[in-house]
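Below are structures written as structure tokens.
You will see subunit A twice below: alongside subunit B first, and alongside subunit C after that.
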Partner chain A sequence: MRRILPIAAGLLLAALLWEGYKALGNPAGTVLFGVRVLPRADDLSMPHLATIADRLGSPELAGGRPVWQVVLEACVFTLGITATGFLAGAVVGLLLAVAMQRFRIVERGLLPYVILSQTVPLVALAPLIAGWGGILMPPWATVAVIAAYLAFFPVAVGMLRGLQSPSAAGVELMRSYAAGWWRTLLKLRFPAALPYLFPALRLAGAAAVVGAVVGEISTGTRGGIGRLIIEYSREATSDPAKVYTAMLGAALLGLLVAGAVSLLELPLMRHRRHVEVVTL
Partner chain B sequence: MPRNRIFTSVAVTALLLAGCGTADQGTTAAPGASGAPTPVKLQLQWFYQAQFAGYIAAVDQGFYAEQGLDVELLEGAVDIVPQTVLAQGKADYAVAWVPKALASREQGAGITDVGQIFARSGTYQVAWADSGITKAADLKGKKVGNWGFGNEFELFAGMTKAGIDPGKDVTLVQQQFDMQALLKKEIDAAQAMSYNEYAQLLEATNPATGKLYTADDFSIIDWKTEGSSMLQDAVWANTEKLNDPAYQQQTVKFLTGTIKGWAFCRDNAEKCRDLVVAKGSKLGKSHQLWQMNETNKLIWPSTGGIGVIDPAAWQQTVDISMTAKNQTGETVLTKAPEGLAYTNDYINQALEAAKTAGVDVTGTNFQPTTVTLESGGA
Partner chain C sequence: MTAAVVVDGVTKIFNRGRPDEVLALTDVGLTVGDGEFVSLIGPSGCGKSTLLRLIADLIPPTTGTVTVAGRPAGQARRDQEYGIAFQQAGLFEWRTVRRNVELPLELRGAGRAERRARAEEMLDLVGLADFAGHYPGQLSGGMQQRVAIARALAVRPPLLLMDEPFGALDEMTRERLQSELLGIRATTGTSTVFVTHSISEAVFLSDRVVVMSARPGRITAAIEVALPSRDEAGRQSPVFFEKITEVRQALRGTPAPITAEA
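Let's turn to the complex of A and B:
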């Protein structure tokens, strides 16, 4: 209950802000020196929340299923892609981090490229990866690859920092026990890295959602929320509330993933005090 | 509850991963095996919609199957360029607009137009009826929306022809997917396809009356009457593979099935509408019927037979591609297309085959219907 109240208050505030702006804002938007500084408040640009809710409840097409069902189903589909991409990305990130910690030369050689990888624009990468669909893997998996590509980065960088975090004294103690690299990794470095890992995983979760949605938009993968956003946005002319239902779905997906990732922490972090860490 | 959610997502992932491992097998059926249909992939320009109804119908009605082809339709997307997919060998044929495909050809894509399905262009520039904009010359001094990305050259050629310098005399605005900018009067004239965006306007509610907008609310500049229209949807084949007799035969068969599909949709517009809707289109039924009807208008009647490339229309497209400049001063092409840019060899054979099978390939008696659009296209 104590947790739900602030969330409900936050939602209410957001709803009040939306409707408040609609009531007070200029329907044609506020333009200063030829630049629109505040968005239009008319019904085409910002439908009433009631209209959006009504749209959620009414059929997608005449005689079809209600929109909320379609949106929810799309969320589940994209959740699957996100989870696949997230897991694959996290595993790759972990392996890279361990390799970089183990071999200095790998860190020196690889880390710049790991960072460089995130500067490649997704729109350039997506068509390339989309081309693998149906040849190397089913089309949906190409979207998971895009999600993984975004998700591995925070894990690799955060985990590397975590694995390097034990003090020299700790490492020397392990050495005095004649513990090898593997044992030091399991007993000292992994536990020490956990406070760095979880914030990194949260970032990775968010990145995986973005990757999945953008990847779906870019490759046109059927069934997901990204595709739904683009399909509904084409109808924004005559049915402006519809595209907002898909956006609500995307927001819901983001919340679900964030919640799921933070739940991962519970069993592992129960006995640990939270440590303030900077991952990047 | 939350625990279940994690479990579900893990389970879903496991299932998906399991699917991943096995999906590659079995999809590559041996082509040309005795009696087995030859797999053929056709890359479309966009999601399933009535613009591609002829291909969808040819698959559904078995017109490709009777030619011994197992045709798979590949949907387009934001970042999928059909002619590139074709040139890379990931599809056997592609549907693409002529100017855009010619631009890709100039960049090295080895593709040939083997069937000009749309004989006419469906691009409009739509304005409010009370704006007084009825022809290209009226755009002077106005805010003109355009899509960019190579979809804008008919507009620029039309303005240039009317004595307007697109770089100076008009304010150019990049348009979104939808027509909201026109409805909000942010722009004076918006680019629209007769079969899609224009219909969306007529599916929107006029806040002043509470009823849908009507055709009387808008005025249309049709590039066909302005003389700056360019050829659009065509079937493109891989130029290099066209040297292979097997691919030549397959092309004739593919075009034969395609002709039958489009002839079927001319005579059974509502049935084809249903086929498109059944493909999972998110656009409503009345919208798809409108699109079917408008698409038919771009094909039928077809004096030379559907798909035959009219050299004069081709030349107009090439000329505009080389001369019309967009706002950044670019032209579609820097020089005339080289090599085999188009050929009527295969479509003529396919037309003969279709005629022999009793198909009306000219549609001389075609009459478009009047489609009533519902709110939101539903």
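Let's turn to the complex of A and C:
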């Protein structure tokens, strides 16, 4: 209950801000020196929340299924892609981090490219990867590749930092136990890296969602929430609330992924919750 | 008497052949008898910690040989012939106190029941049996250091290496742990090499205090200490104060050569 309250309060605040701006803001938007600094507040740009909720309940097309069902289905489709991309990205990131920790020369040689990889515009990369669809892998998997491409980066960088975090004394201690590289990795470096890994995984989760949504759009994959956003935004002039239903779906997806990562963290970070100090 | 540690003609040069080359130890010879408690004392930079690390085979000597329990230091390390404790307890914060003490046994491949029994025994020895389920972050500095000592003793090593283990503790805790260490040593008969920069600590604990000087690091004196008893009365005895004076003079009596300062 105590954890649900702040979440509910946050949602309420967001709703109040939205409706408050709609009530107070200029319907044509605020323009300063020819630059629009505040968005339009009219019904076309910012539909009432009630309208969006209402739109969720009504049929997608005349006589079709209700929008919430379509959005939810798209969410499930994209969630599958996101999860696949996230897992693949996390594994690749972990392996890269371990290799970079193990071999100094790999770190020196590879790290610049790891960073460079994230500066390549996704739009340029997506058509290339989309080309693999149907030949090397099913089309949905190409989207997962794009998601993984974005997700591996924070894991590789964060995990490398974590693997390098143990003190010299800790490493010497393992050496005094005659523990080799592998056992030092398992008993010392991995556990020590966990506080670095989890924030990295959260970033990777968010990146995987973005990758999946953008990947669907730029590869033209059907069935997911990214595609839905594009389809619905074409109807934005006649049915402005509809595109917001798809965006809500994308937000829900992000929350789901973030929640899943947090759940992973709970059993592994038990020691962090014992804070009170005993003195003898 | 067989020797627990024999250091023979050891020289250690760091960063050899580079502009920042440092001669850390020169021509050091040291023998620690079985069951003997030897303290290494000297000013900062005299190489006492380096000497301890050489014995532990954490770093290799540049020249000379180190023998532990009759074997080359490397072999002795692989056989876990020694336990080691540093100034920082260096406990693994994600493991409970018990699992920290179990770590060296785990790496040795000991079974779960044996590990558990041994850890409990060692925690009992350092008076922390009630805290086995706690995490290191919940313990005070002195308690953490006791866990570190329990961990060092867990494999029942014939040799205990300690690098200023009580250096970061307050005076009261320090004295209590010194007495505990002596008690543990009396029950286990472990040979000990103990690095410190406290003269009174060295005299109170040791059978022999080895005095070192800096630039280059070398052994300048070895002072035998035979206190009537190693307890409160021992701390008050005239012998204790005499030996403190003797060690102090040995530390002072060997100023570093001025030529080496530049």
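Assume the second predicted complex is superposed on the first by the 271 of 280 C-alpha atoms of A that agree within 3 Å, B and C clash if a C-alpha of one lies under 4 Å from a C-alpha of the other, contacts with A are read in each partner's own complex, and residues count from 1 in each chain.
Assume a contact is a pair of C-beta atoms (placed from the backbone, for glycine too) under 8 Å apart; a residue touches a chain by one contact, two chains touch by 3 or more.
Remember, it's a predicted structure, so these values are computed and weren't measured experimentally.
Peer 1: With the two complexes superposed on chain A, say which partner A:E172 touches: subunit B (first), subunit C (second), both, or neither.
Peer 2: A:E172 contacts subunit C only, not subunit B.
Peer 1: Based on the superposed arrangement, let me know which partner A:R2 touches: subunit B (first), subunit C (second), both, or neither?
Peer 2: After superposing on A, A:R2 lies clear of both subunit B and subunit C.
Peer 1: Touching A:E231, do we find subunit B (first), subunit C (second), both, or neither?
Peer 2: It touches subunit B, and subunit C stays clear.
Peer 1: Classify the contacts of A:T219 with the two partner chains as first (subunit B alone), second (subunit C alone), both, or neither.
Peer 2: After superposition on chain A, A:T219 lies in contact with subunit B alone.
Peer 1: Which of the two partners, first being subunit B and second being subunit C, lies in contact with A:R104: first, second, both, or neither?
Peer 2: In the superposition, A:R104 touches no partner, neither subunit B nor subunit C.
Peer 1: When the two structures are overlaid on chain A, which partner does A:K187 contact: first (subunit B), second (subunit C), both, or neither?
Peer 2: second
Peer 1: What's your read, subunit B or subunit C touching more residues of subunit A?
Peer 2: Counted on subunit A, the partner with more touching residues turns out to be B.
Peer 1: Which positions of subunit A touch subunit C when the two form their complex?
Peer 2: Where subunit A meets subunit C, its residues are 167, 169-170, 172-173, 175-179, 183, 187-188, 191-192, 194, 271, 274-280.
Peer 1: Show me the residue ranges of subunit A that touch subunit B in the complex, using the header's touch definition.
Peer 2: Residue list for subunit A touching subunit B: 28, 40, 42-45, 60-62, 76, 79-81, 83-84, 87, 123, 126-127, 130-131, 134-138, 140-141, 144, 217-222, 228, 230-240, 242, 256, 259-260, 263-264.
Peer 1: How about subunit B: which of its residues touch subunit A in the complex?
Peer 2: For this pair, the touching residues of subunit B are 2-3, 5-6, 9-10, 12-13, 15-17, 19-20, 23-24, 27, 47, 74-81, 85, 88, 90, 176-180, 183-184, 197, 200-201, 203-205, 207, 277, 280, 282-285, 374-378.
Peer 1: Looking at the complex, which residues from subunit C come into contact with subunit A?
Peer 2: Counting only subunit C, the residues touching subunit A are 53, 56, 58, 77-80, 82, 84, 86, 88, 90, 92-96, 103-104, 106-108, 128, 131, 134-135, 137-140, 142-143.
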